[in-house]
Amino acid sequence: MSRKPITFMQAINEGLTQAMEKDDRVFIMGEDVAGGAKVKHLADKNEDSWGGVFGVTKGLMPKFGRERVIDTPVSEMGYMGAAVGAAITGLRPVPELMFNDFVGFCLDTILAQGSKMRYMFGGKAKVPLTIRTTHGAGASGAAQHSGSYYGLFASIPGVKVVVPSNPYDAKGLLLAAIEEDNIVVFSEDKTLYGMKGDVPEGYYKVEIGKATITRAGTDLSIVTIGKMVQVAEAVADELAKSGIQVEVIDLRTVAPWDEATVIQSVQKTGRLIVIDEAHPRNSTATDIAAVVTDKAFDYLDGPVKRVTAPETPVPFASNLEQLYMPSVKRVLDEASEIIDDLKVVKA
Amino acid sequence: MSRKPITFMQAINEGLTQAMEKDDRVFIMGEDVAGGAKVKHLADKNEDSWGGVFGVTKGLMPKFGRERVIDTPVSEMGYMGAAVGAAITGLRPVPELMFNDFVGFCLDTILAQGSKMRYMFGGKAKVPLTIRTTHGAGASGAAQHSGSYYGLFASIPGVKVVVPSNPYDAKGLLLAAIEEDNIVVFSEDKTLYGMKGDVPEGYYKVEIGKATITRAGTDLSIVTIGKMVQVAEAVADELAKSGIQVEVIDLRTVAPWDEATVIQSVQKTGRLIVIDEAHPRNSTATDIAAVVTDKAFDYLDGPVKRVTAPETPVPFASNLEQLYMPSVKRVLDEASEIIDDLKVVKA
Amino acid sequence: MKQLTPDLAKTAYKYMNDIRHFEDRVHKVFLTGAIPGFVHLYAGEEAVAVGVCSHLTDSDYITSTHRGHGHCIAKGCDVNGMMAEIYGKATGLNNGKGGSMHIADVDKGMLGANGMVSGGMPIAVGAGLRNKYLKTDDVAVCFFGDGANNEGNFHEAMNMASIWKLPVIFVNENNNFAEATPQIYATAAKTIAQRAEAYDMPSERVDGKNFMAVFEAAGRAIDRARQGDGPTLIECKTYRNYGHFEGDQQTYKYDSPEEEAFAKRDDIQEFRAYAVSEGLFTAAEADQIEQQSTDDIEAAVKFAEDSPLPDPESLYEDVFAD
Amino acid sequence: MKQLTPDLAKTAYKYMNDIRHFEDRVHKVFLTGAIPGFVHLYAGEEAVAVGVCSHLTDSDYITSTHRGHGHCIAKGCDVNGMMAEIYGKATGLNNGKGGSMHIADVDKGMLGANGMVSGGMPIAVGAGLRNKYLKTDDVAVCFFGDGANNEGNFHEAMNMASIWKLPVIFVNENNNFAEATPQIYATAAKTIAQRAEAYDMPSERVDGKNFMAVFEAAGRAIDRARQGDGPTLIECKTYRNYGHFEGDQQTYKYDSPEEEAFAKRDDIQEFRAYAVSEGLFTAAEADQIEQQSTDDIEAAVKFAEDSPLPDPESLYEDVFAD
């Protein structure tokens, strides 16, 4: 398949386009995903419509029309519940929750309705629903627009959660998510939208539930989520100077996360750091630490180290926000216990 | 202080009564916390009013009147948000969320508003708010009325979470919660309401953030939340037959949980089981496992074992619901890895 | 608009009796302890569910509430499967995994009772959106209570259905109470029907104990919806025969002689008298239907009692579709 | 009811100018990159915030929105502290930890801008409940947009305020758009004011570009609230001078000559002309106020620029009160 370098945002746009071309039942909805509904000069198929607050869905309304790219009122519970209703009756909605921080407005439709329907109906229903949303600090969005709640979604039985780290994965995971007959939360780091990468032009999928090893190593495993793979790579570069070979795993899917890949890596390296930008308690990072310790206890040479956000809301001031996010320095400091150990071993 | 045996439910009722007697700013609100608003024959101070769907607040309206025991419309987001507004302006509301499963209707008021206000206002606000709610399976409430979401609340920076396991703690923790200048989620296991225990008649507090050791032991630590202390005690009785001395810790406060007490215990026993009825992923159980492994790695003789709900919604059928909840059998089976080990050591 | 033919009248009368017998029977069994959990009975409100659903086919959708048995029966769900579900048996409509508050039969267009007050409202909007998206003339009916009308979901669902002109009929079952809280306390509007104006939506307020009043209002609304003329709100004044849930002491009943008189009206008897007087069926036929209904529900109880519990392994199944 | 005395008129005129200059200045600084994040400017809507807040004292409360600078200034927040907050500096009203969308000053009765659309609505109800509970005659004013009026929070807040007769004034700022979505598309009601009927609540719809229209409607509503006569909804038709947020291309403006004409009205100039013609202040006094305002905002920018960043340790502080 021919490839071209496009941005993370374009990759998602391309994925949505191809999913909608492939299957008439796929449609998108959300606040301003088209923009300008009922504005005469932005009528059906007009190129100047917004296409989402970040521009991710730009061009879809012009191509597919307002029937399949539906602007909603500011009514998250309502349109997310409508998406559940459309899904259980046979469509394949891809609603957008503009910021994952708005989860408190629509959680019931996911927690109590969509995620439980199949189970409580005795297996006699399907809810093919892909919820696109955004997460992440670093854009000075302050406490209500910078959170990372993929771990909260991941705690709900019946919900799959995907967090892509690059344009290739973004498109492939999105296409796989839309083909799922389940609820998938597809969470995009808003600070990655401008990232460029080679992406195949055609339709392809990246398997949900499979992690990928972005760098092989034998001394230390680092599991990352989304943008944090960049921090891990930088840490790996840094540690390579001391002869430490880091294996970096990009989780890709946060729920269900790929136990086999992670545990295999730990069995080889004996050491694990998890880098996760989300809040630190009852999180995916603690889940990974707990499961790995449980299943690979005898292989571990030291505790699993979690480098995460501090236990605070996201601050606004740029200097504080930078400190809030995991960084190379924070990883080296906070995981010094096992890194120093390793340095001794290697020296 | 003189003590008398009363039920868990009465203990909470007594706590509410004494908090309201002590401080005029304390009031309660929620769906049918009084009941029969505007019904003529149930006018202000009438004894026959409901007092909550479980009867926990029975007698409060007759005593304090409808101005301080406020029936709300079925509007969880609205009245929980109003409670935040009343708290930040100087009152001390104690709203009730009838089932914690309704969190999806009011989460924003907790996640994005109440829990973040103090931080994002630069420390210039207080939100003295105690949210009473109920959790737990075992009452055949099915998928939408049986969940345990204290772990979800506990994941939010700025929220404290308390789960009492007996009448004494229920009253004392509730009084401590209402004196806090922070949001405290006070989560009551609905299947414990009939449990009896000795409770001091007067006003007393149980410190928030402190666990209690309900049985001392040297071989194995079991950390429990709420009703699970009963399962742990039964497990301890069972293992005592093999000469294994179990230390049982009742967490009492789920956020922030008492690291010192738990870690001290593990340093002594070298083995830890966490019993938690909540969903298994990104939960308090994984948090405890992760933190203990991190901070007491060198003391551990085996992995921390988590015995929790399976990764499913709560089923309705009684036989399935029984299997869903942690039980002595499930603990012995699922933690057999460390228990068998111990038996060998002890034999 | 569908007319009330003799055949339709008999089916409706059968369903009304089925609901009443079903609920009376569940009430009795609950007292024995054989049925666990939270059970909310629909007896007394039959004219609403049946009056509306008489217009629907299996390809129309409904969403229901925690008080859902009546809607299920009116939409054609199998009473054996329903009763077994309430008992938590493997033969239940949901294989015993849902229980009273979650009975569903998607193939029959029944999208589930719902334990969340107002939970079905946006789901109905989604079903209506689907009907329009696929250019069908199917409708979606959303049953909801007077309590539910104060949830944000009501507002968002009504508004969306209106701006998108969706084929959704919002059927409010105003039975005076949300648990023990009177509608007149909790709802600021003088009537619930009146709230439709805030969404530029037509509405009617009807006597929900009167089958024909419900049937005709629903017929008008459903016709409009099928023709692409958008949603309607119908407020049906009704009353439940039992408590909010099984176990409720009902100290809040009755506040006035009028309330009591209204409460004691029997929608089934009224419909029988009407139908017989209009010659839709004879008294003898009515008796026969009643007997058949009693027998069917008796059989359902036996079916449920004789059915096995779910396989323990099913605890872990059907979290995801694969 | 408070009358517009010369003193009050001058204060109001000062505040309106402060808001305009503040926003115009933030707009310019944003382009330089010195202000990060999501910034929503209030310029063009001054008459609403100031018209309403002219009736309030520090012991009345307001809740605000993501477009909150105007409300803050109208409620008396210090512009130095506000500007420093938007720059994320230690001297900001929130010590730099909140930013544009979370400016608050609880002592001034300003309960926070709010990044959640409709997030302030139930909080205002809570403040109103507190005012009634403590038997004060203080009120709570809830500013919210046309977009917010479609959130469930609107419905629940309006209903609760009405059934409890709380001293809450709901001030709708209908500036035609929620981001790029017109109010006429998203809101099924013909007017937002009309929605008050569904809550048995009085309402008015006023020209939000006309200071006196807002001032008088607010005066009536606030008087009623202070006297224990409950809540009011006031819809103010207005328009924002800038885009939804800084960076918005605004391709959705203007759909008609009428919209454009309305958009281009200047509420500040109109008020100046009115006040001068009524003799509330002279043209010379107006010029002086304008100059003072320019100077004050210039000083605020300098204050912000010269202020230090927050101490890194403050990242960990103030999660809990102890």
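We just call them A, B, C and D in the order they show up, numbering each chain from 1.
Keep this in mind: a residue touches a chain if its C-beta (ideal position, glycine included) is under 8 Å from a C-beta of that chain, and two chains touch if they have at least 3 such contacts.
If you're wondering where the values come from, they're calculated on a predicted model, not measured in any experiment.
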Most remote chain, CA-based centroid, reference being chain A: C
Quick one: report the Å distance separating chain B from chain D, using the average Cα coordinate of each chain. 40
I'd like the Å distance between the centres of chain A and chain B, where a centre is the mean of that chain's Cα atoms. 31
Please tell me the distance, in whole Å, between the geometric centres of chain B and chain C computed from their C-alpha atoms. 36
Going by the touch rule set out above, which residues of chain C reach two or more other chains? 94, 96-98, 102, 114-116, 119, 150-153, 155-156, 159, 163, 185-187, 319
Listed in rising order, chain A residues that touch 2 or more other chains are 72-73, 75, 77-78, 101-102, 104-105, 108-109, 112, 119-120, 142-144, 157-158, 311-313, 315-316
Which word fits the touch map of the chains here: line, ring, star, complete or other? complete
Sort out for me which residues of chain D touch chain B in the complex. 61, 63, 92-98, 102, 104-107, 111-112, 114-116, 119, 121-131, 133-134, 140, 152-153, 155-157, 159-160, 163, 317-322
Going by the contact rule set out above, which residues of chain A touch chain B in the complex? 101-112, 115-116, 119-120, 142-144, 151-152, 154-158, 255, 279, 281-287, 289-291, 293-295, 297, 300, 302-306, 311-313, 315-316
Any idea which chain A residues touch chain D in the complex? 31-32, 35-42, 48-50, 53, 71-78, 101-102, 104-105, 139-145, 310-313, 315-320, 323-324
Which positions of chain C touch chain B when the two form their complex? 36-38, 85, 88-90, 94, 96-102, 114-119, 147-148, 150-152, 178-182, 184-187, 251-252, 255-256, 309-310, 312, 314-316, 319
Okay, in this complex, where on chain C does chain D touch? 150-156, 158-159, 162-163, 185-190, 194-195, 197-201
